[in-house]
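Working notes, beginning with the structure itself.
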Amino acid sequence: MRVALISTGGTIEKTYDELRGVLENQVSVLDIMLASLELRGIEVHRVALMNKDSLDMSPEDHTLIARSAAQLAATHDGVVVVHGTDRLAVSGHRVVELAGTPPSPIVFTGAMRPYELRSTDALQNLTEALLAVQLVKPGVYVAMHNQVLQFPGVIKDVQRRTFAKPGGGAGG
Amino acid sequence: MRVALISTGGTIEKTYDELRGVLENQVSVLDIMLASLELRGIEVHRVALMNKDSLDMSPEDHTLIARSAAQLAATHDGVVVVHGTDRLAVSGHRVVELAGTPPSPIVFTGAMRPYELRSTDALQNLTEALLAVQLVKPGVYVAMHNQVLQFPGVIKDVQRRTFAKPGGGAGG
Amino acid sequence: MRVALISTGGTIEKTYDELRGVLENQVSVLDIMLASLELRGIEVHRVALMNKDSLDMSPEDHTLIARSAAQLAATHDGVVVVHGTDRLAVSGHRVVELAGTPPSPIVFTGAMRPYELRSTDALQNLTEALLAVQLVKPGVYVAMHNQVLQFPGVIKDVQRRTFAKPGGGAGG
Amino acid sequence: MRVALISTGGTIEKTYDELRGVLENQVSVLDIMLASLELRGIEVHRVALMNKDSLDMSPEDHTLIARSAAQLAATHDGVVVVHGTDRLAVSGHRVVELAGTPPSPIVFTGAMRPYELRSTDALQNLTEALLAVQLVKPGVYVAMHNQVLQFPGVIKDVQRRTFAKPGGGAGG
């Protein structure tokens, strides 16, 4: 199974700047994460699209991400998009607007705590996205925190620090 | 979604005996693993059935595991079974023999390297099993190393150190 | 051997605020660090003095830290002070000004990368301070990055991201 | 400061054999450990002498280790020896028999739990040995678990799972 993995930045990929003492999107740590997983089900095709905190994304960025995902869904068996959680739902809904039901599943994921932190949720979420993309029907989803939610209707639940779909419903 | 999580031991749960310098099944580390994951999709019901290296399992052990899984599948939305990889396929096939297609999905998982090792695959595999059980149709599966394979026909591929299904095919 | 361990905050103790996405001094993670070490040489007496980024310390803060360290050095066999690196040398020199050579060794330490990061130097530095305090003569030191440097004359070498003593010399 | 680092194997360097499910001395993980530490105080000269569980060491092995350590102590500012804990004291006493007080400090260390385990004490002990060798007077020592004990008279306290010196006394 051939899967395109689009990286756009976000908390999941933030690294620590020792001099300034802050976490920022500077280099992609996605390859380190991938190397720490055993991936027997898929062949990953990496697409480094941008490396931005999603709060800094412009409308053009969201459209670029959505277009790229939809195009790659036509030539792959699935697409995983690593994205900042704050505006993940904006990009997810943009895909639905532009492409409706894509030819293969498009699964967004991200993290609440960077991979660089020992308490990160990055590896769990990436693992879930890479498995979900093999199991769900064509459509646009977010996979994170042991849940797969299908767009449209997905929101970031800031209070509970995860994604939710008021009115519910997993993919499958 | 209510999921029963049956622990039976195996490499995934082996801990280190400092005095004798060996890895053994003594206490279950499954609760520590669960606490390190963010589980928003499921409510886990823990069933500690046994704590054995699967090479030490008797035919009665395999039957007990298969019966327990099938029974819990009737009262839950899914069942995850943590199992030693050497005889995992024996228990998986026993479920199919005894129960055919269970009322909800039964997903086996395990690990090639104990959770106690820094290079463990235990968290990846547990994450995959806990997500797959939400996404697949009723049936008996193994989820590990980014693959979901449906019984019957699943074997441990010792050479490649993972599971395989000669003649192939993921669940969904 | 009875050792007083004064915590003042700094990078070593910074934790991640998930909502705001920043690393800050909010709770002390020193007890978690201590629990992960095997300490057979010393009996630790914890003194939680403040929890500040050292860039936010006032002259009064530095004096309070120096006074507390000097007083505890009279009633213990040694004192370890966990401190932000940016102003660590200010507090170190303040001890020398106020107390000259204290009755037992006072060893400062800190970290360039918070304990919460998987690439942290916090455990190494804490380990070094807790050992150095048993081995050096009464005096004021910083122990970090495999070096023990004696005050006065110690500076933070921002370029090399560690401490240095131009004109040199370890304790002993 | 130039330090020779002799590796001989032991629990600290054991790695996991996935096929057989056991921990063994096969490759040296010392370089990985060294790379994870910030070493500003010393320049390390690696000497890979053997890679054995110390329970498998012959009298000739102990003599070879002792001779090598004593010789390197003449050409370096200090020597660290990584050694299995079961027979560490045999090699330590052999150095004292053969070389008395060496020209520079010789510090033995090891681990109760392999580096490969997430609960390892290997990094703490290596950190302590690499610092102690800079701070103690010429002599033969073991540095582990926040203690530095001088030979002769050091024993492994199996009950407490650490080293002890009945009748006491740290180096310095």
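Think of it as A, B, C and D in the order they're written, each chain with its own count starting at 1.
The criterion applied here is as follows: a contact is a pair of C-beta atoms (placed from the backbone, for glycine too) under 8 Å apart; a residue touches a chain by one contact, two chains touch by 3 or more.
Being a predicted model, the structure only gives us computed values, none of them experimental.
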**Request:** Can you give the shortest number of steps from subunit B to subunit D, where adjacent chains in the path must touch?
**Result:** 1
**Request:** Can you spot which option in A-C, C-D or A-B is basically B-D again, with over half of the contact pairs the same by residue number?
**Result:** A-C
**Fill in**
Note: subunit B sits from subunit A at a C-alpha centroid distance in Å of 27
**Message:** I'd like to verify one number: the distance from the centre of subunit A to the centre of subunit C, where each centre is the average of its C-alpha atoms, in whole angstrom.
**Reply:** 40
**Asked** Between subunit B and subunit C, what's the gap in Å when you average each chain's C-alpha atoms?
**Response** 46
**Complete:** Touching two or more other chains in subunit D are residues none
**Message:** Using the definition of touching given at the top, classify the network of chains in this structure as line, ring, star, complete or other.
**Reply:** ring
**Pairwise chain contacts, counting only pairs that touch as defined** = A-B, A-C, B-D, C-D
**Request:** Spell out the residues on subunit A that touch subunit B in their complex, using ranges where they run on.
**Result:** 37-42, 121, 123-124, 127-128, 130-132, 134-136, 143, 145-148, 160, 162, 170-172
**Message:** List the residues on subunit A that touch subunit C in their complex, please.
**Reply:** 11, 14, 16, 18-19, 21-23, 112-114, 116-119, 158, 161
